[in-house]
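The data blocks that follow each hold one structure.
Across the two complexes that follow, subunit A remains constant while its partner is subunit B and subsequently subunit C.
After this line comes the complex of A and B, so read on.
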């Protein structure tokens, strides 16, 4: 089998002996079918037993083993090493998912992540019989409303890249909203009102999402959190419980941008919803988004799509129920 | 270790302490909490990372009109090669429909048929389709649900805490000793009842479907107190592990119509099991595959695999019912089942043996069924025995859920009727456990844990795997003795107390070495072939001498003594197993 020599530059920090983190390099012959977890194991088992990371199932279902390779968040037991060297070359940098929260080497503190998981009340609220003779029926259509939100493995990849979490630690984050969404669309649940209140909370709730789509890009299970967040936005409008704040303005701005241009002008969106001072605090993300082609400079704006009328029509239909505009 | 550290060890008091937060432990905790008892669950993994979440194929329940709990029981008993205790099997199969409906009503997202009922698929050894499934991620759906309901009920979880010993003195259970991985601080959990739900032990094999965490800790912890383990020689080898890796391709692949072919393009199951073909039970298919490979009809670079073909099912079916499996084969072997065959071979999968329990979940201390006051077990670490010599697919999630909850009921009753009291503990009760852990932490030997562990796992796969002989087993006995001796001279690199997984792996290896002896001794003594235990030198089942459960006890010098106990035979009399 094809092999190559790869250098792994690995983030190391052991609070019992190190004042500061440092990087250690390990050079290995790596086979074509090796996964990142195989490398973590080899570092521990062949080089240094004190190297520390979380893992269990080794096939992408327990959600323990996410780290970063050259900045990219990956579920290490599902990520092929050669695919990474194709992108980054033969020097791979292994780091924890979030360096700010490191406990030791690749192990990070996840208390905030799990707290937010619990705060969105991640359990079905329903009266059920302890010894049921029949099951509650759920049609395949009703089940499909969940859009696979039930397969989230809580790996926190999305959470660790979310720019809103970074600037606002109260923000629940994409994974928690996926959970919230999963129960809001569950036809058996009796707690819808409270659930909407939770995700509608200022600062913590869905309105602080800046729609950067990063969460969707990094999810190893294809869960697509931003899709659920958008549906939650709609839901709040539909229930008529949107409040006039930066966040709802953001949503309306979103709509305006599309109405005007036929596509989302993210720069306009932030200016519209937060005003010029508010915009300043997003400069870092803005720069990120600009680099990734999400924000277009006016001279680069794509021309309006041909079917502008159709889009406007669609928006009209979609926003039959809309909150009152006061500004 | 300073004197004062031991004296200051904190003690927490509970009615019930549960070790393990998989399906069995978590479901039990939820019911116990709801009954108003003070319960703590200790788990070395975050509960949602437990191996129950990895189950793919489904959970059995006779829900359809054409099926019945009786048929389910018959299939289970026949699948077990008649070694299962039929009273336990009957109980489980009777409870199955309400248990599955209950977990669905608690929120589990099952796949549904067009009329809104829980969908079912065929599985090996089952005469009717009765595997209720959530695509190919059934375990995830169930584990999430019980965990969610457990937090809703207010259960206290100690996650990333490692239980290293049971406090069991003068025949009474007093609690457990545990430490947090984060800081290696010891705590005594003093409790009226202790329940083990620590999962399976197939990690002792090199090629396995099991998670890194499945190191059978609970079994060795119990066995070190002189309590028996039952039927340990029965380890299930799943026929379809991804070649070389052992990662599971669920039986759902065959349930949905997958076929097995050898290098000559022959659908070989037609000659071994003309009736059921690919849907024969696992032990049989695993042996057939091993036989094909042995006789030179394997595929792949090492000719050590066979093909499973699913192309004829079409992309739509594969993407709606087996998406996870497709993804796994692509990740690990680069093979896309929609367009090409996938290479598979047998892999160590499930532990039929375990801590002997009666139907109520009480741990037994001998082959006559005397119970240990205050000690309980359920799930894969327990042996009730509903799986006998070979478990049927989709019966173990059921086992974990039915007996997890039923054991909770037993504990609640035992607490309510005053059978259980809190036996006081002293700091000295933790001495042995702390001594072991600190001993490893400060060890200065020559031997390396990964080296010994590799040797253990490779040799077990080779000598105590799908095929066994007196010769291979005696060889393994010696290897284990040698490894245990070398284990006394290990060292670890990490000498610090913060999140020390080097230490954890070393402790786990100690457990693996201990319970591996039970597997080998049980296999040496069982001079017959039954279910998953196949002896080349004794290829026939021998009901006269071995329609018996083995109860094995470890002495302090490491030798193992075997007693045999009766099998509970009910209405299904032992017959030859033909599929």
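After this line comes the complex of A and C, so read on.
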């Protein structure tokens, strides 16, 4: 089998003896079918028995073995090493999933991840008799509403790359939303409204997603969390739980502006979303922009698109506040 | 070379808060002999916000936008990452899902339109790389950007999600994108290598979570600065707005004093192929710090 020499530069930190983390390099002949987890094992078995990392199932099920390779988060028991060298070349840097939370070598503290996961109530809340006459049946159609949200293995890959989590520790993050979605669409659950209110909270909830799509790129199970986040936004409106705040007006404002002008009137969107007092916060910035010719006035706004009547007609027939199962 | 013609989906920003994007796009296309036919019938793409509120409406409106490119028998180019994300998303969904296409077309029929799927939807940046070619672009360079350290900032929506955008951006690897770096090299500039180049500026929460947005923009600007950037270049006007107009508050959010000019990709190309700064709208950029020296 094809083999090649690869250098692994590995993040090492043992708080019992090290003041600061450092990197050590290990050079190995690696076979074409080797997985990242094989490399972690070899470092421990062939170079340094004190090397520490998490793994359990070796089958992409337990979700414990995620680390970063050249910045890319990977489930180490699923990721082929040669595929990584195809992208990054023959020097691979192995680091823990989140360096800020390191306990030892590749092992990190995931308590924040689990706390938030718990906050969305990742279990069925239902009032059924203990011994019911008929069981709570779920049709295949109803079950399919969950999409793939129940195959999440809580590896925290999505969570660890989420920029919104990075700068706002209150934000629940993609994995918790996937779980929230899973129970919101579960027809046996009796807690839908309360669940929606949980993910609808400013700062913590879905409105703080910056729409970077990073979570969609790193899920080893292909769960696509941001798809569920979009569906949760839709749920908030469909179930009539939208609060009257900047975030929801920001979403509704787009439709209002298109309905009126065909294009998005940027000034209108800010005024509509923020209200008068909110808009005042932007005065300084607006002044800077005005000086540089970046703000349009009523008399020099761009012209409306041609065929405005078509646009109005389409909005009339196609508007639906709903939550589809798939986008 | 065959004359390149595209239907231009300009988006709302180029016609309002980033007039320099409109000017520089037109000037560059003109100089390179590319014809851009402005889609005058197009609506706003609705960004992700309309999809959050009314996903079906967002789909139908963007299907209509694509229809007008199709009727002109032209491929569509976008000049904003978020427009690209939205319209390509709709195209990908309609092309793969016959049921959805049927439903959308039923609605479009009300105004006498039909989505066919005959026009591709690419960001102008990738149309340039793919159709015009970097070699040809390199030949047009009259003012090489020698010794300028340029930090490429890709912006999320041109490279992610991979399963949608890879069909429109030559399979760009979102963990290790190279298109913008190669463009800078073709203009003989020096691309800066830094971790934040494929990360998020936070624009989409500018209103509801300004702290998040400022901090993300600040982190990116700080990383570019620390890696020796003289300027940042981006194909996305929304990233550009956050990094340029909000540079002061972003710097504050990361407790730094950052002064970094942020150019639209077309402004950078324009400078290198000898278009004068006025025609590229450089006077509209807020951060002018060092710009004159850099480009003189």
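The criterion applied here is as follows: the second predicted complex is superposed on the first by the 237 of 327 C-alpha atoms of A that agree within 3 Å, B and C clash if a C-alpha of one lies under 4 Å from a C-alpha of the other, contacts with A are read in each partner's own complex, and residues count from 1 in each chain.
The rule is simple: contacts are C-beta pairs under 8 Å (C-beta built on N, C-alpha and C of every residue); 3 or more make two chains touch, one makes a residue touch a chain.
Computed from a prediction, not measured in an experiment: that's the story for all the values here.
Just checking: does A:72 make contact with subunit B only, subunit C only, both, or neither of them? Give me first, second, both or neither.
A:72 sits against subunit C, while subunit B stays out of touch.
Classify the contacts of A:168 with the two partner chains as first (subunit B alone), second (subunit C alone), both, or neither.
second
Look at A:146 in the shared chain and tell me whether it touches subunit B only, subunit C only, both, or neither; answer first, second, both or neither.
first
With both complexes overlaid on chain A, does A:212 touch subunit B (first), subunit C (second), both or neither?
So A:212 only meets subunit C here.
Examine A:91 and indicate which partner it touches, taking first as subunit B and second as subunit C; both and neither are also allowed.
Once the two structures are laid over each other on A, A:91 reaches no partner at all.
Report for A:27: first if it touches subunit B alone, second if subunit C alone, otherwise both or neither.
neither
From the superposed pair, tell me which subunit A residues show up as contacts to subunit B and also as contacts to subunit C.
Subunit A residues touching both partners: none found.
Flag every residue of subunit B that touches subunit A in the complex, lowest number first.
Per the stated touch rule, the residues are 45-46, 48-51, 53-54, 63, 98, 100-102, 104-107, 109-118, 134, 137, 139-141, 144-145, 148-149, 151-152, 182, 211-213, 247-248, 301, 324, 327-328, 331-334, 448-450, 492-494, 496-502.
Give every residue of subunit A touching subunit C within the complex, in rising order.
71-72, 87-88, 163-164, 166-168, 202-203, 207-214, 216-217, 224, 226, 230, 233-234, 237, 245-247, 250-255, 257-258, 262-266, 270, 273-274, 278, 285, 288-289, 292-296, 301-302, 305-307, 310-311, 313-315, 317-322, 324, 327
For subunit C, which residues count as touching subunit A in their complex?
Contacts found on subunit C: 12-13, 15-19, 40-44, 46-57, 60-61, 64, 85, 93, 107-108, 110-111, 156-157, 160-163, 173-176, 195, 199-200, 202-205, 207-209, 211-213, 215-216, 219, 245-246, 249, 283-286.
Quick check on the complex: what are the subunit A residues that touch subunit B?
Answer in residue numbers: 1, 14-17, 33, 35, 44-46, 48-50, 52-53, 55-64, 78, 80, 103-104, 107, 114, 118, 121-126, 128-140, 142-143, 146, 150-151, 153-154, 183, 186, 188.
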